[in-house]
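Consider the two complexes below, in which subunit A is the common component and subunit B and subunit C are the respective partners.
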Partner chain A sequence: MSLFVRRQIPIAIVAITSIVVMADYFLKIPQTGPVVKDLQNWGVILSAYALGFGAVNLFIVHTRHISKRASGQWPFSIWLLFILAVFAVVGVFIGPSSAQYMWIYNASYFALSATIYSSTGFYIASGCYRALRARNAQAVILLIVGSLALIRNAPAMAAGFPIFVDIDAWLNSVPTTSAQRGIMIGAALGAIALGVRTMIGRETAFLGRRTEAER
Partner chain B sequence: MNLKMSTLWRRLEDIPREVLYALFLIAFIIPMLNPFGLPIPISADVRKWFQTIDALPPGSAIMIDMGYSAGGEPELGPYAAAVGHHIFKKGKLKSIYMATSIDGVQLFDLLMGEVKPEQYGAKYGVDYVHIGYIAGTETAMAAVGKDIRATTSTDYKRNPLDQMSVMEGIKDATSFKLLICYTTGGDQSEGWVRQWVTPYKTPYLSSVLALMIPTMLPYYKAGQIVSLVSGATAGQYELLNKLPARGIKSADVVSVTHLLIFAFVVLGNIAYYARKASEGAKKGG
Partner chain C sequence: MLVAGRIFALGMLIALWIFIIGCMEMAKKKLPTFRKLAGLDALPEMVGRAAEMNRPVHFTTGLGELTGTVAPQLVAGLAVLGYLSELAAKYGVKIVYTVYQPQVMPLATELMREAYVRAGKAEAFDQEDQIRFLSSEQFAYAAAVQGYAERERPAANVMIGPFYAESQLFAETFFRVGSIQLAGTARGYQIPFFAVVCDYLLIGEEIFAAGAYLSKDPMQGGSIQGQDYGKIIAWILMFVGVLLTAAGSPAIMDLLKM
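And now, the complex of A and B:
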């Protein structure tokens, strides 16, 4: 396959698609509406396909681990494939809203996910106790702001001492929003630069790994 | 004496994590089993959220994104339930649920099991529907905003949307008077601003994890979000609803555990300076 077909055509497709989608978003050109609608629905289908592809890839990778008896890994791979098969079979043949599927979901995935996420509360509590210590000037600032956030977020304290709510509101409105705006604007400028470079063919990571000839 | 004091302060400065975890566990369990009924102030944002729904005219359609994962359910689930109670209790509103999170369908079933819309006379397909998980996050939001039926023609149980009375008159983002998103992901909470609020000017209520609030503040301060709250404020919404549930119970837990953490922070700092002072006195003496 020639370099033109492998490189220039995909870049042209990306550039044209980006221009059409942006024109529809910013300029509201009636002619682009139906085209963009189709493109977006293709995007939804491709995203759904990627999920299925991910499951197949997971199956292949873990089947390899099992066949090679990868040290410290293969028993977990068997368990993973077993769970994958159980969820897939029950979901496809009985339905993802069936009582059976919901029971498996609630008894395993839901309970485990909630437990893992909730357990971070203990780490954060221990982290606060150790990190919020006035060792130097910066640590004093962290201690003051952290303590204010702790007190303000305790509903009983916020009710008893509304001054903490006002201080927290100022912290959120002024320093936090200002800093966050700076981060967001910086990230947005980076994204715009990346988009323009991709459209003009200067950014080709989406084409995959390049061969020596292409370099 | 100084050596003994120095050792004591050092111990208080570095309490083993196992001891801290045990104390926090007790602080979780006691108010959970026996709520103290500590005061819960209602914030301006929760009140604004409540008033926004209250002010919707009869027949208004609300798009509700179940964008949270199972891990975030203990924080966001009680808030979603409190809002669900309010919407169904008010009645004559159309709730169109969708999921941008892969867990959104199962969590919707759990949510409806908790809210029980039928107790308010609401019926699936007539007053509310779930159009399912739509992959692609922002692409999904944009596609649904342009034309719902072109993106999905069925609900999450594969029933045709055209056969449901709740979908009458619902075509695209302009058909909705309100957008609500409960999410554990920045892609979802920010994506709705870009794909619905900016192009269609849909009023937007966002409930996110408490730790996500700072990242959403610029949108809120710019007026792109009508009300921005963390899921942990569910107790406040339940008070407005006059329907106490999981949120009020967890508010006591939040108060007790936050105050316990604060007490340990104070103790750690006192121990740090006391140890330094006693070591200084030892060197000096």
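And now, the complex of A and C:
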């Protein structure tokens, strides 16, 4: 495939699409509204289509695991493919909004999802244990601030020593918020610079890096 | 013609574009100097460690998708994936990219295949094994990544993109299996989790600079200098805004609402 097809056409599509979407946001041009709506719909259709790629990839990867009897993996792969088939059959033949489909979804995915989410607390606790060790000056600051936040969030301590509520509120609204905003402004500027590089075709990492000859 | 309330933002955007493109042009003559980004400089060391241990390298862009406000973070992550794939191919290390959004798969496939071709190892690239779609549901994806980490125990883990509640699950699990870790996100709430657990960290804008930093392309480097001029403008606006607001003048607020 020629370099023109592989690089220039995608870059042109990115640049034109970006300009149209930005024009719709900043300018009152009646013609851009429907175009942007269409572009968004294309995005949704492409995403749905890409899901097919994902399903095929899942099927190939797990079929391989089963055929190779991958250690510690292949029984789970059988289970995954079985569940994939159950969801596909129920979804296609009874409907994704049917009571049966919703029951399977709520009884399996919702419960498991909530379990994984709640396990975050244990991971945070172990991370916290490692973080709150006074190894250097920065770690000491982290230890002090972390301890204050812990004390404030313990109901008995907050009730007995309301000063900790005020300290925590100040920490949250002044140093934390200002640091967060600094990061946010920097990130926004970085995203704009990335956008400019992408639109003018300098940032082509998402298409594969350029060789010296192509620069 | 112009949408009310967005005029100032448009003006700022155009000013930034001028700065960025101007700096990119100037960088052709003189490359600006950059501070070192330890996390990106450590990538060869991370892949080298994986080669020594004969274990894979894991890469994820988190819950990144190509549409929406987090798309730039995903693109920034893909820039690092390309570089990392080429390194992995050269060192003969398997790199596994676990995918959350299947729409990213064609991009990642092209990107990684090209990286392997550039390294002269095209035949070593196994698309199905190295680009694995896990799930488009947040915690199903998180559980699958944790399962992958426990089973294959990668020597290095690189996470660049938008992360949410799964950030701590990933960082802790890979820490437990002994992976050396680089994490980067522009989502402020997740940065502390990564800072506590990971060996290297890219904060906010650093992930967007990663592609330019790794490419060694003077023009891309110049764009980062242009971005710094944007910071100077932001500083001036904040300083003037604080002074005017303290003096009781709503001028700066009126300007921002234009």
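Operating definition for what follows: the second predicted complex is superposed on the first by the 153 of 215 C-alpha atoms of A that agree within 3 Å, B and C clash if a C-alpha of one lies under 4 Å from a C-alpha of the other, contacts with A are read in each partner's own complex, and residues count from 1 in each chain.
The rule is simple: a residue touches a chain if its C-beta (ideal position, glycine included) is under 8 Å from a C-beta of that chain, and two chains touch if they have at least 3 such contacts.
Please read these numbers as outputs of a predicted model, since none were measured by experiment.
By the document's definition of touching, both partners, subunit B and subunit C, reach A:184. Using the contact criterion defined above for the overlaid structures, shared-chain residue A:72 touches subunit C, although it does not reach subunit B.
In the superposed pair of complexes, A:109 makes contact with subunit B and with subunit C alike. By the document's definition of touching, of the two partners only subunit C reaches A:193; subunit B does not. Touch criterion met: A:57 reaches subunit C, while subunit B stays clear of it. Residue contacts after overlaying the shared chain place A:47 against subunit B and subunit C alike.
Applying the stated contact rule after C-alpha superposition, one finds that A:130 touches each of subunit B and subunit C.
By the touch criterion defined above, A:205 lies against subunit C but remains apart from subunit B after alignment on the C-alpha atoms of chain A. In the superposition on chain A, the residues of subunit A contacted by subunit B and by subunit C overlap at 25, 40, 43, 46-47, 50-51, 109, 113, 116-117, 126, 128, 130, 180, 184.
Residues of subunit A that touch subunit C in their complex: 25-28, 40, 43, 46-47, 50-55, 57-58, 60-61, 64, 72-73, 76, 109, 112-113, 116-117, 119-120, 123-124, 126-128, 130-131, 180, 183-187, 189-198, 200, 202-203, 205-211, 215. In the complex of the two chains, the subunit B residues touching subunit A come out as 14-15, 17, 20-21, 24-25, 38-41, 43, 69-74, 102, 105-106, 109-110, 134-137, 139-140, 142-143, 146-147, 150-151, 156-157, 199, 210, 213-215, 217-218, 221, 232, 235-236, 251-252, 254-255, 257-262, 264-265, 268-269, 272-273. Taken in their complex, subunit A has these residues touching subunit B: 25, 33, 36-37, 40-41, 43-44, 46-48, 50-51, 95-97, 101-102, 105-106, 109-110, 113-114, 116-118, 121-122, 125-126, 128-130, 132-135, 143, 146-147, 150-151, 153-160, 162, 165, 172-173, 176-177, 180-181, 184. The part of subunit C that touches subunit A in the complex is made up of residues 1-3, 6, 9-10, 13, 16-17, 20-21, 24, 65-67, 72-73, 75-76, 78-79, 82-83, 86, 99, 101-103, 105-107, 110-111, 113-115, 118, 128-129, 131-134, 136-140, 142-143, 147, 151, 165, 168-169, 171-173, 186, 188, 191, 193, 196-197, 203-209, 211-212, 215, 217, 219-220, 223-224, 226-227, 230-231, 234.
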